[in-house]
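Following this message is one structure expressed as structure tokens.
Labels A, B and C are assigned to the chains in the order they are written; within every chain, residues are numbered from 1.
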Amino acid sequence: MELIGLANYAVYMAIFIGIYAILALGLNIQWGFTGLFNAGIAGFFAVGAYASSVFTSPAADGRLGGYDLPIVVGWIGAMVCAALIAWPIGKVCLRFRSDYLAIATIGVAEIIRLVVKSEGWMTGGARGINNVPRPFGELPYFQSQLAYLALIIAVVGLVYFLVERQIKAPWGRMMRAIRDNEAAAAAMGKDIEQRRLEAFVFGAALMGLGGALFAHFNRSITPEAIDPMVATFLIWIMLILGGSGNNRGAILGVAVVWIIWSMSELVTDQLPQEYAIKAKYMRIFIIGLMLQLVLRFRPEGILPEPDYSNHEKKKKVPDANKASDASAAE
Amino acid sequence: MKLTHLAFAATLAGATALTAQSALADVKVGLLGGVSGPIAAMAPPMLDAAQLAFQQVNDQGGILGGQSIEAVVGDSACNPQNGVDSATKLVNVEQVIGLVGPHCSGAVLAVANSVSVPAGVTLLTPSGTSPEITGLQDNDTVMRTVPSDDYQGRALARALLERGTSKVAVAYLNNDYGTGLAESFKDEFEANGGAVAGYAAHEEGKASYRSNLAELSRGGADTLVIFDYGDGTGLTILRQALENGFFENFVGGDGMKSEAVINELGAENLTTFVASSPVGTASTSLDLFRDAFTNVGGDPDAIFVTTSYDAGFLMALAIEKAGGDKAGIATALREVSNGEGEPILPGEWEKAVGLIAEGTAIDYKGASGDLDFDENGDVPGAYALFEVSEDTFKSIGEIK
Amino acid sequence: MTFMDLINFYFVPGVVLGSIYALGAVGITLVFGILRFAHLAHGDLATFGAFAALAFVTALGVSVWVALPLAMVAAGAVAIGLDRYFYDYLRERPKILTVMASLGIALMLRAIVQVFWGVDTETYTRGIVRPESYWGLRIRDRELYTFVAMFAIVGVLWVFLQNTKWGKAMRAMSDNPDLALLSGVDNRKVTMLTWAIVGMLCAAAGFFLGLNTELKALMGWTMLLPMFAAAILGGVGRVEGAVIGGLIIGVVEEMSVLVIPSEYKAALAFAILLLILLVRPTGLLKGKVL
């Protein structure tokens, strides 16, 4: 047992958690604060990952690329592209309520996935894009991972700060007002559609950034990475377990779920050799079961939504009301 | 965010406690495959085939002077997220000396880029067929026992023309495997005067492909070339094409040469079906593997089992050759299979160990081909066409 | 291309595919309507039902048509159990938690199928069945059975919902749960009954999917999205809407190959869904707005 190995593993885990934390923060803006059921995270993840890869990778035959732009430009480009794609989608889909919005966004994500897979001239098709530059990629293994982790922590910190500031600003108060009681907010003359669209686009841009960070970490992006299970539903589990409506909860949820996800393999590896393959199926079972246990004992999320209002006398809206508004109002 | 820190500490402590036990094995190799996920049906035979190689090593006196070799299985789930996660654990927590796998090209690219190349661990994939793998900046540590799709697609195109088929329709799975084969096949087939009368990709996992087939058959070809997996969508397509009589002749790549096709459709319905698959020039190599794998209850006609076995055996040979030095394995891989030296056939571990000890050069002749790595770590393919005869696949001659 | 070709190779397969979608979509729409959440384990429950039928075929040596009702009962029992142990205690909580729980159940069911039945591709019967020709209409008998069975199962469900005491209770729960509760409907029993029916529908959907193609561990999961699209298309909570939605999506998917590249087949179902939602935000038949 080498400590440096464990350190490498821990650093990798932290990097992965950081990348998914950005996705979860993006989803938190959409669901946690605004009540938009976006089940198409994978779509925006893909747009960001591919946009940044195309902008920054060296030229290759048969697909877009060769711009060799600086990585920062790639990341900003990823956010802009994801936002640009999200804007018309939001314009069209946000009029649907809750579950209709969910299925509409799943559909959009599937269409994006098929376009990415099939339009080889743009994305390299099924082959994907390779040789995407990674910041500090030329350093040795441990140092390189550590440097990338530092970068990720900086980005997550910045995103966290921005989101928190937005949420505590009048904008955030308005968003929660719309989420909790749409009719009242509308009666007060708020432009609900516009506000919702803003939240949707803001969240999508963060998802695009997460995709870009992922692609640069692996120095490649392939259509296999935008599978709905690992790129959409996993993030939902993370946010809901962590505590939707709470940014720290979102990040913590990512950490807890990914630790369960990853460590469960080490647990099932302890089974004897002849069960080595069945152990992998058992692992999936254990992941599902752990999810049930967390839901049973912490159904409100590990960190529930904090009371953002400063008025003591103002009654806090109970959780049940909040979600039933999103999923069963009218 | 103290809780996050606590969680990390727990991760570390947990990992230490858990792996203390499995550290007993002498030489550990990572065996990374898509156990869960879209290729779940293909992965177990592939892993078993590689395990067979390690079992032979252990049965014949072990590795590096009597130590045992153990494979630690990791689940890449056929996507980069799980692939990198699993590879990180294998390389860092389990401290494996080399990686056999992952199975899917996307996972190979991600694992090579972010784990195995930086960590200096040699990666040998038995089924990552994407041409992108050739172009990896890998310090020569990423290799594969499966030829790039390009070879097979072209060889199959020439073979069909030689057999007098000049007009075909092509149905291919929309992933790196299917697209790679289909593109090179079409290119070569048309360059040599053949006509591709229908050419369409399909998504996996749909229940019906009849309209796809009807559309393909409108071009007037009576031969359908399928680049897909015989225990997945390829089976559905072949079934629906047979049942509805859209085509008369069927041709598959190595992915279609699967026992599942015979088991589910029946040999009597497959008289007009041929499939190409990689073979070694030393024809006894394949037979040796077939016997050994059948003896342990494996199915030698499953997809990619020969390349998986070869990857396992080659990895063991390279470890022995390099004297257990992690950094020397990539070089050793080339040395044990470069076409020069005493030939070693599948299962001849004791003989190989003796020769390596003497300092004699050895050359592994694998079940899936001679496996002489080129400068990119790719192998040229040698292929044969197979037809279905008496419930199994029989070779009807090599194709070039 | 002749008209019969169009019918035989594009329309008939579409209807068969649509019938399978419909069976799944009816179950999804019932959960949506009565229990008010998106049941993501639906596809994997269908996989479980299909493999349960396989187990009855291989273990008891019975015909597939005997195995189907047995598998339906088994899946119905599993569905009741799932509700009892995993969904029930979340009932008073936000519905999103139940959605997440069902996602976990999907993973667990898939793992169970993979551990017990392995991951090899299976079929109920070996060999192939060539279609019969009925005055130029080429149909395989099992396709006919699929279509007929779908209408029979949904028909029985329809009669049950319209005419029996419990069926009416279910509809009342769907229309207005508070009112239903006040008028003495036993919430618990209706929920249990719903799950039994949903489990049976899942098994039927999985069975017919397996009968027409093959059985694979991921077969249900890959059907989940089109099934949801069908349920939403028809209007949430509307059984007849789910059937129409399923058939439309099946036929449109198969027909789409005529106009767009076949790799976009799956996308077309969603494109249609988006278009219809734009015109009629509550689905074809006026569904519930949750």
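Couple of notes before you dig in:
Operating definition for what follows: a residue touches a chain if its C-beta (ideal position, glycine included) is under 8 Å from a C-beta of that chain, and two chains touch if they have at least 3 such contacts.
Model, not experiment: these values are computed from the prediction.
Viewed as a contact network, the protein chains are fully connected, with every chain touching every other.
When the interfaces A-B and A-C are ranked by how many C-beta pairs touch across them, A-B comes first.
With each centre defined as the average position of its C-alpha atoms, the distance from chain B to chain C rounds to 36 Å.
Distance from the chain A centre to the chain B centre is 33 Å, each centre being the mean of its Cα atoms. Centroid to centroid, with C-alpha atoms defining each point, chain A and chain C lie 30 Å apart. Residue positions of chain B touching 2 or more other chains: 36, 43-44, 174, 201, 203.
Shown for chain A are the residues that touch two or more other chains, namely 114, 117-118, 281, 283-284. Residue positions 114, 261, 263, 266 of chain C each touch two or more of the other chains. Across the complex, chain B is touched by residues 1-2, 5-6, 8-10, 12-14, 16, 114, 117-118, 120, 124-128, 130-131, 134, 140-141, 144-145, 217-225, 227, 230-231, 248, 251-252, 255-256, 259, 261-263, 265-267, 269-270, 273, 276-277, 279-281, 283-284, 302 of chain A. Every residue of chain C that touches chain B in the complex is listed here, in rising order: 1, 5, 9-10, 13-14, 16-17, 20, 114, 118-123, 126-131, 138, 140, 209, 212-214, 216-219, 222-223, 250, 253-258, 261-263, 265-266. Those residues of chain B whose C-beta lies close enough to touch chain C in the complex are 36, 38, 40-41, 43-44, 174, 200-208, 210-215, 218, 231-232, 235-236, 239, 242-245, 260, 263-266, 268-269. Those residues of chain A lying in contact with chain C across their complex are 31, 92-93, 95-100, 102-104, 106-108, 110-111, 114, 117-118, 228, 233, 236-237, 240-241, 244, 278, 281-285, 287-289, 291-292, 295-296, 299-300, 319-320, 322-324, 326-328, 330.
Touching chain A in their complex are the following residues of chain B: 1, 3-4, 7-8, 10-12, 14-16, 18-23, 35-37, 43-44, 47, 70-75, 77-82, 84-86, 88-89, 91-95, 104-107, 109-110, 113-114, 118-120, 130-132, 135-137, 174-176, 178-180, 201, 203.
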